[in-house]
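In the two assemblies presented below, subunit A is common to both, partnered first by subunit B and then by subunit C.
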Partner chain A sequence: MTAVHLGMPGLPTAPRGVGHLRGTESFPDAARHELRNGQLRANLGHATATIRGKRAGVVAEVPDWEQLRAAGKAIKAATMARLDEHLVELERQVTARGGTVHWARDANEANAIVTALVQATGTTEVVKVKSMATQEIGLNEALEAVGLDVFETDLAELIVQLGEDKPSHILVPAIHKNRAEIKEIFARTIPGVDPELTDDPRQLAMAARTHLRERFLRARVAVSGANFAVAETGTLSVVESEGNGRMCLTLPDTLITVMGIEKVVPTWTDLEVFLQLLPRSSTGERMNPYTSTWAGVTPGDGPQEFHLVLLDNGRTAVLADEVGREALHCIRCSACLNVCPVYERTGGHAYGSVYPGPIGAILSPQLTGVEDNASLPYASSLCGACYEVCPVAIDIPSILVHLRAEHVEAQEHPTAEALAFRGLAKAMSHPRLWHLAQRGARLGRLIARGKPTLPNVFPPPISGWTRSRDLPTPPTRTFVQQWTEEHGQ
Partner chain B sequence: MKVSLFATCLVDTMTPSVGMATGRLLQRLGQDVVVPPTQACCGQMHVNTGYRREALGIVANHVRAFAGAEAIVAPSGSCVASIHHQQAAVARRAGDEALAQAAEELAGRTYELSQFLVDVLGVTDVGAYYPHRVTYHPTCHSLRLLEVGDRPQRLLRAVRGLELVELPGAEQCCGFGGTFAVKNADTSTAMLTDKMAAVLSTHAEVCTAGDASCLMHIGGGLSRLRAGTRTVHLAEILASTEQSTHPTTPTDAVTPHQTTHPSVPA
Partner chain C sequence: MSAREEVLARIRTALGETRAPVPEVVRDYRQAGNAPADAALLALLVDRVEDYRADVLRCGPEEVGATVRAALTRGLGEGWAAADVVVAPGLDAAWRPDGCDVDDDRPAVQLADRAAAVTAVAVAIAETGTLVLDGSPACGRRALSLLPDCLVCVVTVDQVVAGVPEGLARLDPVRPLTMISGPSATSDIELQRVEGVHGPRQLFVVLAG
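Take a look at the complex of A and B:
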């Protein structure tokens, strides 16, 4: 899409048939179903309001928050401009410290690499640190397809996995579930769980802990994602709240990290900015409880084999779009989801992709090519709340509008909508035509038959409005006519 | 000051009372108001729906219609934000640098009504009288793109007889979003429902805002519910005085059925 604009050959996007970047329905259709789920809306309304409040509180206490945001944005922009160099440096440093770097063009290549690495260890079980990249490529399904058992260890991700559900939030994948529903899932799926289990959060956490401990202790291979990778030192970093991630990162013999190529930062000092921005924006904490960093392998301490899989899966195509590339700056905090009035009502599943909410609406269509997720850029009222809270100041509304245009301009044959918009544009460009069009609108008065609102008799798309909202009857004269009659030209 | 009034396509075509109120308010404050008759639209609906190429002619018409204006005032945060943030970009992408510069130059002299009153004219008490219980919805583009802040509330607090009540969850979008209201009608309606619940919880007689588009949305929903609360544009409240609060013809109401009673005869 955007590559065409730059006059370059089309860069590969994320392939179809693998991973979780595409839904089966358009956003409006999926949203219509989700909106009917009153429990979902209650759960989401409660959860997002709580996180919003926490975030606002801890952000307000940082006097230089705006400067931090600007710094985050600037570091990301500068890094993207020389992404190739930073990645090669990262590979050099990771290799020098005893790790192995693999380059995966897309989801299929990444899944094949990880599957082969796990199989080479001879194990049949994998424990996982919560990771968006591996959800994106459908790694669990790929590993399960060759007979491996995969255990999610993040509490919310575990709830989703046990419930045979899908994640609906970047940070809190089970945000759509309340504790009564979680209790039901645990009671039904955890082997040997206490039959007296209640929905008390502590009891639920303890049940998950017992279930997971066993797996941590016997796991020989762990798979993680990464929040950051420091090129100059070859350091990977995972930021989390529970400590389950650290269990996976330290206990097994082999650690495999799958990381989107946009996660690299050039220097160790860059982390200073992001480690301030991320926890306050995501969980509303001043600092997250666990920040793990590791570089290569250390003899006698932690995993003795480390593999880093660098994943493209459409990211280079995103990078080629000079407007849309800002989406790659995302640090996956999910603040934009929590403030989004659309997300709060539809939930994450309506977006069809593992990346829901405002960031998902600009990231998923770019990773897959806009035509494979054409309804997502329209899944926003452009209220701007996302841009306001984004810790790296991604101008999400502008990118949404840009992608809408990319979609419109990709149509080979004009749609009815396009013809209508072209006609209207022509009228709005020529005052005499415009005045004629306004006179045409006045024909609505005939349909209104003296009533102040129009009857609900219109075909789509106007029926989309009138199903739930009255439409006023057009006035007899336009404002310009009235004013001119009163005041002259 | 010679003030050129940009009514916006929606006000011009659907709610002329808002344009009349804006013009009369500015005249009452001693401004020389002109209404360029060739004005049409800022182009925002086209840009935001994906028709940025088609918007070029609309931007060009806007720039022609207002060329040479000393100051331009519009009763819409959203359209003024589009003039500030989108018009030049539309021209530049189409390779028309001269139009882009003309649009930028014009944008520098274009103000949303509350900004013009407070920042340019330096008034908060515009001498209005409006004896009603009113709640204010800060429209998203006024709030986040133009950052009008509390200017509208300062203007409203100075209105004699007006009781201003706080709107819970005021900063949440009403769900309008231009073509979003139609393309994602169900989600838009869900957002509107929550906004209406908040408005109704205030027991206000009137919900006001600085954008006729959002008000048509909220008002259209309230009208469908046969709710007693009506929507009235900020300009209409500020334009009303002791002499002009009597209801006029209901055909000019912003949201008919609820007889918005434009404060000035339109």
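Take a look at the complex of A and C:
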């Protein structure tokens, strides 16, 4: 790891007062009441265990997974290194094929652009494909503020919208709700729903189909995000399962796509890597049911008016940080959430941002500036599971340590926690110090006297930490020592 | 400064005056080969498509028309009428059920009135069980394979490739493409897969040759 390198001062972060990147309370406070919700924990534990198993199965059957992962990482790094050139090429290609490209410095500007485009069509209804970027900027609230009706069409988003809830997962925003809770929401909020509706997932899915069918058929404007945009051809891509995406991308007269600037990839060939990595990592399927691609406007097929909104909203500030910029490589698969022991216990709401879990812990504070999400880089045990599963090999633990160090640097009067992490960051970036620290941990075995956890005998400030946690007795040998003994060098 | 100029300027600031060289992309994963589809590859395609709970019907090159009709019977039941079925305008005449409706330039939403659609494909990817439609006359416009509740796709063996790289290499990125892997589905309720949401709830693949 390189020494701490502070982000470039001066590049604007995502503005306050708009969108959903900041919580109303710190992660530890939010986590404390989320942890009291036993139903939430049960729902999450069940769902994440299911998806972890599926992912592991379909990843194991790909013989060149590690090569694909390395290629995915390299393509993203190469793209970021010339991001301006790829965006200009994307703009040229989309424009040449009949689309219109808009640039937005931040959430407010993107919301204003989309609102004006929708109003210009004269319609009052908008159908939406699930998109992280539009959640991030709070587009629905902006459209509703001028009296437009916005319909989320992804099943999980619909559950969240009808339940007046907040999304808690990147891929399955209603992962914190179980079937019985979903049935209750549908029965209460969908007009004319079958009174015999049960909590069978098939019946619930059919209720959503019926509810949205008419809306799709009469929709004149749709708003989507994009998973990828190919610079050399101007091809946009949306990866989905239910067909609601296809409805929105195909039936309306006007399509408005809002995309973070980091979603561009240079070539069509690059998609062959990501279309293998993404579905297996996200839903644990060999391929998701539907992937749509389009370039500009096609006469006689689909929307005849296409707008692409390219969104910064703090991304260039992330790009300026040589260590932290890897967070922009994320393809939003959610695999890191599903393996994270912290996420599994607290759920997504505790993170306060639309980007929860390990990726959220490194992305949200960088988009907003670390001072606005200061507790998020600490929302991790640095166990490294997120890095292991990440399809583009983002080194999330190292970036967490880097951001903690940055947070500490930024404080005039460092807290005890800050001092401890400053030491940890230093130790972790210097192998010799790290080994020394690990040897120090063996002292802990003496205090434990053979018990599995350490007694709470530590003086402040360490007691503040051990009060709410069982500190495991350090093992007799470190992992690296065991590995070396068993496997040689 | 316009938003465009400003965002580009920010990127240039972020990347610095003297830019680092572009990292090399090593593509040592399995890439596009041109091996013709053998029996094992076809068996893999069938296995993978069926794994999504779609139905595969295999037939000789001369039996496509009859097999399409058999697929429609499975999907719509014995009493289906040709008028319930709409086909892509460029679909091989020998594959069309007699008297069926051929898609024209009617408003796309009217396709929702039809019970089933029949189309060709551009490519089929065996490893992932994926059919790709490319908006050509034989595949039809995107709404055709979306609105009717039962979709029948005819795949010929020369269209079958092993993996995603081979598949994408055969496609034109400027056309509107739809990659279909099984019937529409959701895993949004307790991550349990349920087939059939907004897209066709039934998918039949006629594999010819």
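Assorted remarks:
Everything below uses one rule, namely that the second predicted complex is superposed on the first by the 403 of 489 C-alpha atoms of A that agree within 3 Å, B and C clash if a C-alpha of one lies under 4 Å from a C-alpha of the other, contacts with A are read in each partner's own complex, and residues count from 1 in each chain.
Criterion: contacts are C-beta pairs under 8 Å (C-beta built on N, C-alpha and C of every residue); 3 or more make two chains touch, one makes a residue touch a chain.
Quick caveat: nothing in here was measured; it's all calculated off a predicted structure.
Contact comparison for subunit A: of subunit B and subunit C, C touches the greater number of residues.
Look at A:184: by the touch rule set out above, it reaches neither subunit B nor subunit C. Judged by the touch definition given at the top, the superposed model places A:305 against neither subunit B nor subunit C. Legend: residue contacts after superposition of the two complexes on their common chain; A:268 is shown touching subunit C, with no touch to subunit B. Once the two complexes are overlaid on the shared chain, A:341 sits against subunit B while remaining clear of subunit C.
By the touch criterion given at the top, residues 8, 10-12, 43, 46-47, 50-51, 54, 63-64, 67-68, 70-71, 74-75, 77-78, 81-84, 87-88, 97, 102-105, 109, 153-156, 159, 172, 174-175, 178-179, 182, 201-202, 204-206, 208-209, 212-213, 216-218, 230, 233-235, 241-244, 246-247, 249-251, 261, 268-269, 271-273, 275-276, 279, 283, 285-295, 298, 300-302, 310, 312, 316-317, 319-320, 325 of subunit A touch subunit C in their complex. On the subunit B side of its complex with subunit A, the touching residues are 5, 7, 9, 11-16, 18-20, 23, 33, 35, 37-41, 43, 46-55, 57-58, 60-61, 65, 140-141, 143-145, 171-173, 175-192, 194, 216-217, 219-221, 223-224, 250-257, 266.
Taken in their complex, subunit C has these residues touching subunit A: 2-4, 6-8, 10-15, 19-30, 48, 51-52, 105, 108-109, 112, 125, 127-130, 135, 141-143, 146, 163-165, 168-169, 173-192, 194, 196-200.
Of all residues in subunit A, those touching subunit B in their complex are 27-28, 31-32, 35, 41, 341-342, 345-346, 377-385, 387-388, 401, 404-409, 417-418, 421-422, 424-431, 434, 438, 441, 451-453, 461-462, 464-465, 467-480, 482-484, 487, 489.
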